[in-house]
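Heads up, the next two complexes both have chain A, just with different partners, chain B and then chain C.
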Partner chain A sequence: MLESLLTALGVIFSPYHLLLLFLGVLLGILLGAVPGLGGIVGLTIVLPFVFEMSPSEAMVLLVGLVAVVTSSDSIPAVLFAVPGTAAAQATIMDGHPMAKKGEAGRAFGAIYSASMMGGVFGALALLLAIPIMRPLVLSVGSPELFMLGIVGISMVGVLSGRAPLQGLIAGMAGVLASMVGMDPQTGVLRWTFGALYLWEGLPLVPAVMGVFGIPEIVEMVIRRRSIADVPRHAIKGILVGIGDTFRHWFLVLRCSVLGTWIGLIPGLGSDVVDWFAYGHTVQSSRPRESFGKGDVRGVIGPESAANAKLGGSLIPTIAFGIPGSLQMIILLGAFMILGLRPGPEMLTDNLDVTFTIVWSLVLANVFGTLILLPLTGQLAKLALVRIQVLAPVIISILFLASFLTTRDYGDLIVLIGFGLFAWVMKLAGWPRPPLVLGLVLGPIIGKYLFISTHAYNGFGWLARPGVILLFLAMVASVAFGLVRERRGETAPEGSVAGGPHEA
Partner chain B sequence: MKPSVGRGLNLFMAGLFVAAILSATEWPVHSRAFVMAIAFPGLLLTVVLFVRQRWWPGTEATAASPGLGDTPLDADLPPALARRRMVNVFGWIFALFGLIWLAGFEIAVPLFTFGYLRFQARESLVVSGLAAVVMVALIVGVFNWILHVLWPQGMLQGWLGL
Partner chain C sequence: MHFTVVQKRLAWAVVLGGLLVLTTLAGSASAADKPFYSGKTIRVIVPFSPGGGTDNYARFASRHWVKYIPGNPKILVQNMPGGGGALTFGYLYSKASRDGLTLGVASEGIPVRRLLRRPGHTYKFTEMSLIASAPSSTTHFAGKSLDIKELKDLKKTSGKIVAGDTQKGSTVAIVSGLIFELLGLEYRQVYGYSSYGEARLALLKGEVNMTGGDAFNYALVVKPLEEKGEVTILFQSGLLDSKGNVARHPAMPHLRTVREGFVELFGKEPSGTVWEAIKGIIAVNTLGKSVWAPPGVPEARIRDLEDGFRKMVADPAFQADAVKVMGGKNDAVIGKDAQAALKQFFGLPEDVVKLYR
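The block that comes next holds the complex of A and B.
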C-alpha cells in the first residue's frame, strides 16, 4: 500500500501530470468564478479529451478541475451576493457583509485558506476511509436521510434570529415552492399551470440568484455607493484572513468532518453542505452577535465544508460505484471510459490510480489557493468600484447564469419573480435564507419520507437507531441553544432578517 | 419601512398556504399529505404572526434591525428618492428581460450594458462602449466559442426572417 502511495506521488510530480493538474485547476477556477457554470460544465468540456489519456493523466485533470470550483465560486458570492455555484450560498451570509465593510480581502484570505484545509482534509479522509467505509455508507438509509433533512430544517431557527416566526413561515413557503412540478412518487402535476417548464420543478440556481442577488444589487443601486461602504485604506489584507482561519482551526476541522460526511452520503448533494456547516458554525460559536454582519467564522465554516465534501463524495464513487451527485456521475462516466471499474479493484489492481486521485485532490487545493491568493487584492478592489458602473454587468451576469440552468426563458422569470419576492421580504424585515433552505431541503424530505413509509409500510422506521440518534442530536442542539438564550447569551442578531429603511 | 409591508407579506403568505391546501385536496393521498403537513402549520403561523402584528406590534421584526448582509439605507435618503431609484432599477431589470425576449442575448446584453452606463450612470461613450464590447466578448468568446452555448434568437429575428 505504501509503495502504491509513493508511486502515485512520483507519477503526479512528473512535469506532464503537473501541467495537466495546473490546467484543470485553472479551468476549475474560471468556471467556479462565473455564476451558472461550475464543475459539471467543466467536466463535460474536458471529458472528450480523456479518451486518449492514461487513467492517471485523466484523473489528475478531472480531479484538479472539480477540486477548486468550490474555492473560486465564493468570488461573486462575496463581492456581489451571487453564488458562483450552489455550494457558495451560505458564504453570502457573512462574506458579502464583509465586502461591504471593506474586508473583502480578509474574506478571500480566510475563504481560500479554509477551502485548502477542507480540501486536504477531504483527501486524507478519502485515503483513510476507503478500507473501512462500507458499514458507514450502508448504515445510512432513507429514514436517516429524511431525518437529516429535518435536522436541516431545524436550522431555520438559527437563520431567523430575532424573527423566528417569519423565518418559519418563509421556510415553509420554500418547501411548498420546492413541490412545484411533477410529484416523482405519484406523477401528480403540482402547480404547473399547464407550463411544461414547471414539470421539472422550480430550478434552484435562478431562485437562489433571485433571492440573494437581485435585492442586493437593487439596494446598492438605491444607495448609489460602491459595494464597500468604507474608504480604500480600510480594506484589510488577506494575511488577516489567513490568520483567522488558523485561529479558528477547530472550526475548520469540525466543518471539514461535516463536509466529508455529507459528501459520503449519496443523496444529500452539494446544495445543503454549506447550509449545514453555516448552521453548525453559528450554533457552536460564541459570541454570535456578529453573524450575518460580516463575521469571518461565517465564511470559514461553509468553505472548509464545501471543499472537504469532494473527498467524501469520491469515497462511495470509487469504492462502490455509487455517485452521490451529477458531478460524480460524470466522473464515474470517465472511470468507465478509461476502463476503470469502481469497487474492490480500485483498492487492489488500480490502487495507484486511487492514490493519484488522493494526491491530485491535495495538490489541486494547494495550487488553487496559490493561484487565487495573489488575485485577492485585485478582486477586493472591485468592491470599491462605483456601483452604477458594476450594476449592468452584475445584472447581465445574473441573467446569463440563470438562463444556463435549463436554457429556457422560464429561468429568467424565476429569477425576476424570486428577486421581487425577496426584495419585498427584505423591505418587510423577513429573513431570506430560510426560504432557500426550504427550497433545498423540501425535495429531500418529501422523497425520503415517501420511500421510508413505503419501505417500512408505515412509521416503523422511526425506531431505527440512526433516526433516533439524529433526532436526539437535533433536540440536544435546539435545547442547548434555548438554554444558552435563557442564560442571557443574545441571539445572533446578524441572522435577523432585515432590509433597508423605507425605500 | 411601513408596517403595512410586513402585514401585506404575511397576508400574501396566508393566501399562499390556503391556495396550496385547496388545490391539493383533489390529489392522491401521498401527494396531498406532504402539502398539508407544510401548509396547515404555515397557515397557523401566519395567523399567530397576524395576532402579534395587530396587538403586539413591537415584537415583530422590523427593517430597522438589519442583518444577513442587509445594510440599512442612509437615514438621510429621502423616501421618495429611494422609491424612485427602486422603480428605476427594477425598470432596467424588466427592460433587459424584454430586450432578451425581443432581440436575444447576444444583442440585448451589450445593448443593455451600453444603455445603462451611458444614460443611467452617465459614463463616457468610451467607457460605455468598452463595457459593451467586454460583454460581447463574454457571450460570444467564452460562451459561444469555448463552451459551445447556443443562445436562442429573439422574436425580432424570427419576425424579420433572419
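The block that comes next holds the complex of A and C.
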C-alpha cells in the first residue's frame, strides 16, 4: 500500500501530469468564479479529451478541475452576494458583510486558506477511509437521511436572528416551494400549472441568486455607494485572513470532518454541506452576536467543509460506483470510459489510480490557493468601485448565470420572482436564509420520509439507533441555544440574515 | 486617358461585384460536390441531465458516429431536461430545424409515457424519423437477505419482496412489477430513489431486497456484485429478435430471460395479458436508446445518418470500445426496422396498456 502511495506520488510529479493538473486547476478556478458555470460544465468540456488519456492523466485533470471550483466560487459570493456555485451559498452570510466592511481581502485570505486545509483534509480522510469505506457508507440509510434533513431544518433557529417565528415561516415557505414538480413516488404533478418547465421543480441556482443577489444589488443601487463602506488595504487583509484561519484551526478541522462525512453519504448532495457547516459554526461558537455581520468564522467553516466534501464524495463513487452528486455521476462516466470499474478493484488492482486521485486532490487544493491568493488582492478592490459602474455587470451576471441553468425563460422568471419576494422580505425585516434552507432541504425530507415509511412499512424505522442518535443531537443543540438565549446572550443577526435596522 | 471619380468608383464596383459573383458560384459548385454534412455541426439533444444512461450512451455513440457520416460533421450533445422527455420531443416535433442538423435521443421510458399520454407528451413519433436504436434489456436482481440460491427459491419469497425503484412509470419499475405478477409473487415497490444506482446502494444496505438495472450497466456495476455474492441476478427482460421472439441481449448472453425463467419454474410457456404487457415493454427495450430526427428532414440526409450508424456498429473498433466503455457489444437496429417495433408497441390493446398505469 505504501509503495503504491509513493508510486502515485512519483507519477503525479512528472512534468506532463503537473501540467495537466495545472490546466485543470486553472479551468476549475475560472468556472467556479463565474456564477452559473461550475464543475459540471468543466467536466463535460474536458470529458471528450479523456478518451485519449491514460487513467492517471485523466484523473489528474478531472480531479484538479473539480477540486478548486469550491474555492473560487466564493469570489462572487463575497463581492456581490451571488454564489459562484451552489456550494458557496452560506459563504454569503458573513462573506458579503465582510466585503461591505472593507474586509474583502481578509475574507478571501481566510476562505482560500480554509479551502486548502479543508481540501487537504478531505484527501487525507479519503486515504484513511479506504479500508473502512464499506461500513461507513452502508451505515446511513434512508431513515437517517430523513433525520439529517430534520436536523438541517432545526438550523432555522440559528439562521433567523431575532425573528424566530418569521424564520420558521420563511423556512416552511421554502419547503413548500421545493414541492413544486413531479412527485417521483406517485408521478403526480404538483403545482406545475401545465408548464413543462416546472416538472423538474424550481431550479435552485436562480432561486438562490434571486434571494441573495437581487436585494443586495437593488439596495446598493438605491443608495449609490460602492460595496464597501470604508476603504481598506486589500493585500494586508489577506494576511490577516490567513492568520484567522490558523487561529480557528479547530473549527477548520471540525467542519472538514463534517464536510467529508456529508460528502460520503450519497443522497445529501452538495447544496446542503455549506449550510450544515455554517449552522455548526454558529452553534458552536461564542460570542455569536457578530455572525451575519461579517464574522470571519462564518466563512472559514463553510469553506473548509465545501472543499473537504469532494474527498468524501469520491468514496462511494470509487467503492460502489454510486455517485453522490451530478459531478460524481460525470466522473463515474469518465471511469467507465477509461475502463476503470468502481468497486473493490479500485483498492487492489487499481490502487495506483486511487492514490493518484488522493494526491491530485492535495496538490490541486494547494495550487488553487497559491493561484487565487495573489489574484484576489486585486479582485478585492472591486468592492471599492462605484456601484454605478459595477451594477450593470452584476445584473448581467445574475441574469446570464440564471439563464444557464436550463436555458429556459422560466429561469429568469424564477430569478426575478424570488428576487422581488426576497427584497420585500428584506424591507420587512424577515430573515431570508431559512427560505433557501427550506428549498434545499425540502426535497430531501420529502423523499426520505416517503422511502422510509414504504421500505420499512410503517414507522418502525423511528426506533433505529442512528435516527434516535441524530434526534437527540438535534434536541440537545436546540435546547442548548435556548438556554443560552435565556441567559441573555443574543442570537446572531446581520445584514443578510436579519432586518433593515442594521444595514 | 482620364477617368472621373465616379467612373473609377463604378469600375471598382464592377470588379468587386464580379469577384463576388465568381466566389459565390465557386462556393455553390464546391458545395454541390461536398456532402451536406461537411463542415456542419449536428446538435444531439438528450432529454435528461448529464450523467444518466441516455446521456452516457449519446456521448459515447456520437463520438464514433461522426467518423462514418459522409462529410464528417461535428456533433454537439446538449441536455434539455424537462417533463420526462416531453420538452425535448415537443421541441423536436414542432420547433427544431428540419435540416437534419438537430436530432434527439430517446430513452426506453419516453415511448411508454407517450403511450400513456402523460401530460406534455403530445408529439407524434409516427411523423418523425427514427434513425437508429441501440437495444437494451432490463435486469432484475435480489439482495442477500432474500437468500435466493437458485431460481426456485424465488417462490418462497412471496410477501417478503421489497423492490426499490426510481419512480412509478420507469420501465424497470413497470416490468419488475409485472414480472412479480406473472410469477404470482406478493411484493411491495418503494419508489423515490433518484437513480437505480441509489436503489442498488439501498439494496446493499438491506433497505430493499430487489431492484433492477439495464444492459448498459450490467457488466460494469451489477455483475461484479454478483461475483462477490452481494446480489443474485434473477433474469433479464430480454429483447425481440428479428422473428419477434424474446431473446437474450448480446451484452448479457449468460443471463436467462424472464420467459426462460418462467418456463424453468412452471414448465410451460407464459401467456395472458400480463405476459402481453411484459412483451410490450420488451418491445420498447428492443428500441432501447433511439435516435430521432424531426419530421420533414430530407430523405437523403436521413439515409446518410442511417448509413453512418450502420457502418459504425459494423466496425470492430467501435465494438471494442463499446465493450470497454459500456461493458458489452452494442448492436443497433436501423431506420424502418426499428420503427416496426414501435408500431407494435403503440398498437397494444387497452387492457394491456392499463397494466402500465
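Rule of thumb we're sticking to: the second predicted complex is superposed on the first by the 487 of 503 C-alpha atoms of A that agree within 3 Å, B and C clash if a C-alpha of one lies under 4 Å from a C-alpha of the other, contacts with A are read in each partner's own complex, and residues count from 1 in each chain.
Here, a residue touches a chain if its C-beta (ideal position, glycine included) is under 8 Å from a C-beta of that chain, and two chains touch if they have at least 3 such contacts.
Everything numeric in this text was worked out from a predicted model, so none of it was measured.
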Touched partner set for A:252, first chain B, second chain C, both or neither: neither
Contacts of A:194 with chain B and chain C, given as first, second, both or neither: second
Partner chain(s) touched by A:404 [first = chain B, second = chain C, both, neither]: first
Contacts of A:63 with chain B and chain C, given as first, second, both or neither: neither
Touching partner for A:342 - first (chain B), second (chain C), both, neither: second
First, second, both or neither for A:186, with chain B first and chain C second: both
Chain B versus chain C as contact partner of A:450, first or second or both or neither: both
Which of chain B and chain C A:320 touches, first, second, both or neither: second
Footprint overlap on chain A, where chain B in one structure and chain C in the other make contact: 185-186, 407, 450
In the complex, chain A residues that touch chain B: 34, 37, 41, 45, 81, 92-94, 96-97, 100, 161-163, 165-166, 168-170, 172-173, 175-176, 179, 183, 185-186, 188, 190-191, 212, 214, 216-219, 221-224, 229, 292-293, 386, 388-389, 391-393, 395-396, 399-400, 403-404, 407, 409, 412, 416, 419-420, 424-433, 446, 449-450, 493-503
Residues of chain C that touch chain A when the two form their complex: 49-52, 56, 59-60, 63, 80-84, 86-87, 90, 118-120, 162, 164, 166-169, 188, 190-195, 197-198, 200-202, 204-205, 207-208, 220-221, 224-225, 228, 324-327
Of chain B, residues touching chain A in the complex: 1-2, 5-6, 8-10, 13, 16-17, 20, 23-24, 27-28, 30-31, 34-35, 38-39, 41-42, 45-46, 48-49, 52, 60-75, 77, 79, 82-83, 85-86, 88-90, 92-94, 96-97, 100-101, 105, 109, 112-113, 116-117, 120-121, 123, 127, 131, 134-135, 138-139, 142-143, 146-147, 149, 151-152
Complex contact set, residues of chain A against chain C: 40, 44, 47-48, 51, 137-138, 141-142, 182, 184-187, 189, 194, 196-197, 199-200, 266-267, 316, 320-323, 326, 329-330, 332-333, 336-337, 339, 341-345, 406-408, 447, 450-451, 454-457
